[in-house]
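In order of appearance the chains are A, B, C and D, and numbering begins at 1 in each one.
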Amino acid sequence: MRDIYEHTAGEDLIIKTSVRLMVPFIQVFGLYVIIHGHYSPGGGFQGGVILGASFILLALAFGMKTSQEYMTVSVNAVLNNLGPAIFIGVGVLCALFGGLFLDYSALDKLIPLGPVEWRSFGIFLIEVGVGVAVMSIMVLLYWNLSSGGAMDEGL
Amino acid sequence: METIIGEIVAKYNYWIYVVLMMIGFYAMIGKRNLVKKLIGMNIFQTSIILFFVSTGVKKGGGIPIVDKYQALAGHVEAASTVNPLPHVLMLTAIVVGVSVTGVALAVLQRIYKEYGTLEEDEILEKLQR
Amino acid sequence: MNATNLHLFVLIVPLLAALAINLLGRRSRQWIAPLVLGSLAFSVFGSIIMMARVIEHGTLRYTVGNWQPPYGIELVVDPLSALMMVLISVVALLASFSSLKSVEQELPGREHFFFTLYMILIAGLFGLVLTGDAFNLYVLLEITSITTYGLIAMGKGRAALSSFNYIIMGSIGACFYLLGIGYIYILTGTLNMADIARILPTLNAPVATATAIAFVLVGLWVKMAFFPLHSWLPNAYSQAPTGAGTMVAPLMTKVTVYLMVRVIFTMYTPALVFTHEWIAQGVVWAASVAIICGSVLALGQKDLRRMLTYIIVAEVGYMVGGIFLANANGLTGSILHIVNDALMTLCLFLVVAAIIYRQGSVSLVSLQGIFRRMPITMAAFTLGAFAMIGVPPTCGFFSKWYLILGGIDGGHWEFVIALVVSSLINAVLFFRIIELGYFGSLQDVDHQEHIIAERHEAPWWMLSPLVLTAIILIVVGLSTGPLVNNVIRLMIPVGF
Amino acid sequence: MKSLALLATLVTGALLLYGTKDFPAWGDPQAPASTYLSPVYIEKAVEQTHVPNIVTAVLGDYRGYDTMFETVVIYCAGMAVLSVLWRKKEE
């Protein structure tokens, strides 16, 4: 965290310090929600929104420039497309391996884990894809709506 | 008369959600301010989500997360867990609601930049001129 | 790529192309055209192979993820949906030639955003045509709507306001549809259309079933701009960027009419929908009113594109009325009209795109003496006009002929009169423009000077799909016999 | 115009409420929604997919096609907002 306090001089110190402390824990919790969707309430959408919220919190407290340092616009564009690509890719992969579309047990030919275990792992793969997609798109929505499309100075 | 009262009491959740829906529906078509129409749309969509989730309720049912080893051993009977299907459907409906609201807000910004107002009457005036 | 997944690859390839366009198009524009045309060409071939396979082997029932139907999502590819897949892919391919050119002129620097939404819209339409699951249909309705809201809102000036009105009306339609599905789910406990058709008649819940049917139908009517609920369509389609109008106008309302056919004939069995005679009678009356008002409103328009949007509203009246005649001829006529009207609207909107590309406006004033400047475009326009009026060699005549036969069978004279009057009004509308185009004198209206007299034809990128569509209008017209016998006849339920 | 909207709302609301006449009572375990599809989901989901959270199992696997289109919906919203609002700095 370089000289963030200087060039946003007027900002309140308390907000910035507390946000600086909270953001890492929010992100870890977001990852937990995505990955732990099998055993506890959660999954791709909920975890993705929490991860997206951590970047939005950064943008609110430190200004859009800082949040764009942590996720640049081009990385965001790649992640936007990567999420649905993972999901559809897994579906197409199942079809290519002789099964029906989105039939994860067909991937058993790829790595023999057993068809039922592959279903559980297939669900995990798409949860990751959905999480990536929702995170990057939530951040994109905030950046666009708050800056009116110029993506330079937020609220 | 008591049959109607009995019926309302038995199905009071549908009555509440229909009232919520109609508030949203009226705001969407009756209000003149564009942002109020958008808020009405959100009320309508949220009340439909509540309506769907309430269909999944089972008296005495627990949350739809079962213990893995008990389930594999086959000791899970359906009466003890709530119906999971409406929850899945409403995950989709929530995402759709967020998406439509996001696009509507972006379009509202464009309208405000174009006409400088969000009151439908003032916009129509500017169009006639 | 084994054979059984082909219909899904027809859907997935445009979707992946949309992602690729978004990634690659950002850096360099020349990636967009090959991706768009390549994926749509694949879809055209895939859907034609799918069509041949379905006619040969009959309906294909496919469950995504290898689950038994009521538990997983079931896709149904029967002759009608295979026909719609071919129609959507062909119309999308032809429209995308002209959209590539007009977007380059109107939306410089935003082509990759435009074509991402454009390809997802096409994938959504494919999904709508394939699905056999009620809730999945709602999700796909939302995909096609959100992409259309985005495409329309990219236009200039009033486009944002008309897009917002479309968002509000579209959300009302989608929420009504979802409410209808909620009622069905509470009654039957399942979401699979074939299952619902099996369980619904056995329940003795007449009131809830009637409410469910009413809400699903009203939801779809709002989405297809059926007359009293059509107020969003004229502004939305006429202020959209030309590339979007060329693609959305021919397909969106027709696919929604197809959905109504799918809902009435596979989800609620026709016996359930047409139980009370006065319901079908009332809807046919509403359709006749829709036809007359749509055509009359089109008379009062000063701009060719707005006139065409009102004609679309009238055409929706044709199709809804044809279905609710509740007899074989009426149903054949309206299904045939879905195909014909999509092609006719595509031809006329391609003409509009070509003229706007050259002249920037299609107001009747600026169309004077256009035959000398753009002879080929206007020749195709004349052919499209003949199809819309219903002149025999073209396809418009045959579907109208079946609709009139159906109207006479059902004894709905007001429907037959509405059809005939609307054809006459169409004749007046289009001959007025043709006469303006041929004999209109080139008097110097203020912006006329820069329009030079000699040929100023649209680029061949926009002309080739236009001429091809005009030819297809005649080919489809002449091939009505085989089209009806081995595709539409199979769809008509027994004892109808 | 407002009175017309109010009338339409009341008519729709009345129709909706009248439609709930044939519904089972709230939370009734014997309701069709709770006796047709969902018992199989509850009993078989863990056995067929090894995922204790049945909602995730149904969301990801039984109705995975729905979730795929859900991801496409959220992607469409992002792209639509971007295409409507995006402008270069100097515009």
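Here is the rule we use: a contact is a pair of C-beta atoms (placed from the backbone, for glycine too) under 8 Å apart; a residue touches a chain by one contact, two chains touch by 3 or more.
Keep in mind that this is a model prediction, so the values were computed, not measured.
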(request) Chains touching chain A and chain C alike, please list them. (result) B, D
(request) Between A-B and B-D, flag the pair that has more C-beta pairs in contact. (result) B-D
(message) As a test of understanding: of all chains, whose mean C-alpha position lies farthest from that of chain D?
(response) C
(message) As a quick test, compute the distance in whole Å between the mean CA positions of chain A and chain D.
(response) 23
(request) Starting from the mean Cα coordinates of chain B and chain D, work out the distance between those two points in Å. (result) 9
(request) Calculate how many whole Å lie between the centre of chain B and the centre of chain C, each centre taken as the average of the chain's C-alpha atoms. (result) 29
(message) Which positions in chain B are in touch with at least two other chains?
(response) 21, 25, 29, 55, 65, 68, 85-86, 89, 91-92, 95-96, 99-100, 102-103, 105-107, 109-110
(request) Scan chain D for residues touching two or more other chains and write them down. (result) 16, 20-21, 23, 31, 33-34, 37-38, 41, 47, 50, 52-53, 55, 59, 61, 63-67, 70, 72-82, 84-86, 88
(message) Among all residues of chain C, which ones touch two or more of the remaining chains?
(response) 15, 22, 64-65, 135, 139, 142, 146, 149-150, 153, 160, 179, 185-186
(request) Spell out the residues on chain D that touch chain A in their complex, using ranges where they run on. (result) 47-53, 55-57, 59-61, 64-65, 67-68, 70-72, 74-75, 77-79, 81-82, 84-89
(message) Applying the document's contact rule, which stretches of chain B touch chain C when the two form their complex?
(response) 21, 25, 28-29, 34, 37, 41, 44-45, 48, 51-52, 55, 85-86, 89, 92-93, 96, 99-100, 103-104, 106-108, 110-111, 114-115, 123, 127
(message) With touch defined as at the start, can you tell me which chain A residues reach chain B in the complex?
(response) 39-41, 43, 45, 141, 144-145, 148-149
(message) Which stretch or stretches of chain C touch chain B in the complex?
(response) 135, 139, 142, 145-146, 149-150, 153, 157-158, 160-161, 163-164, 167-168, 171-172, 174-175, 178-179, 182, 185-186, 191
(message) So in the complex, the part of chain D that touches chain C is made up of which residues?
(response) 15-16, 18-24, 31-38, 40-41, 61-66, 69-70, 72-73, 75-77, 79-84, 86, 88
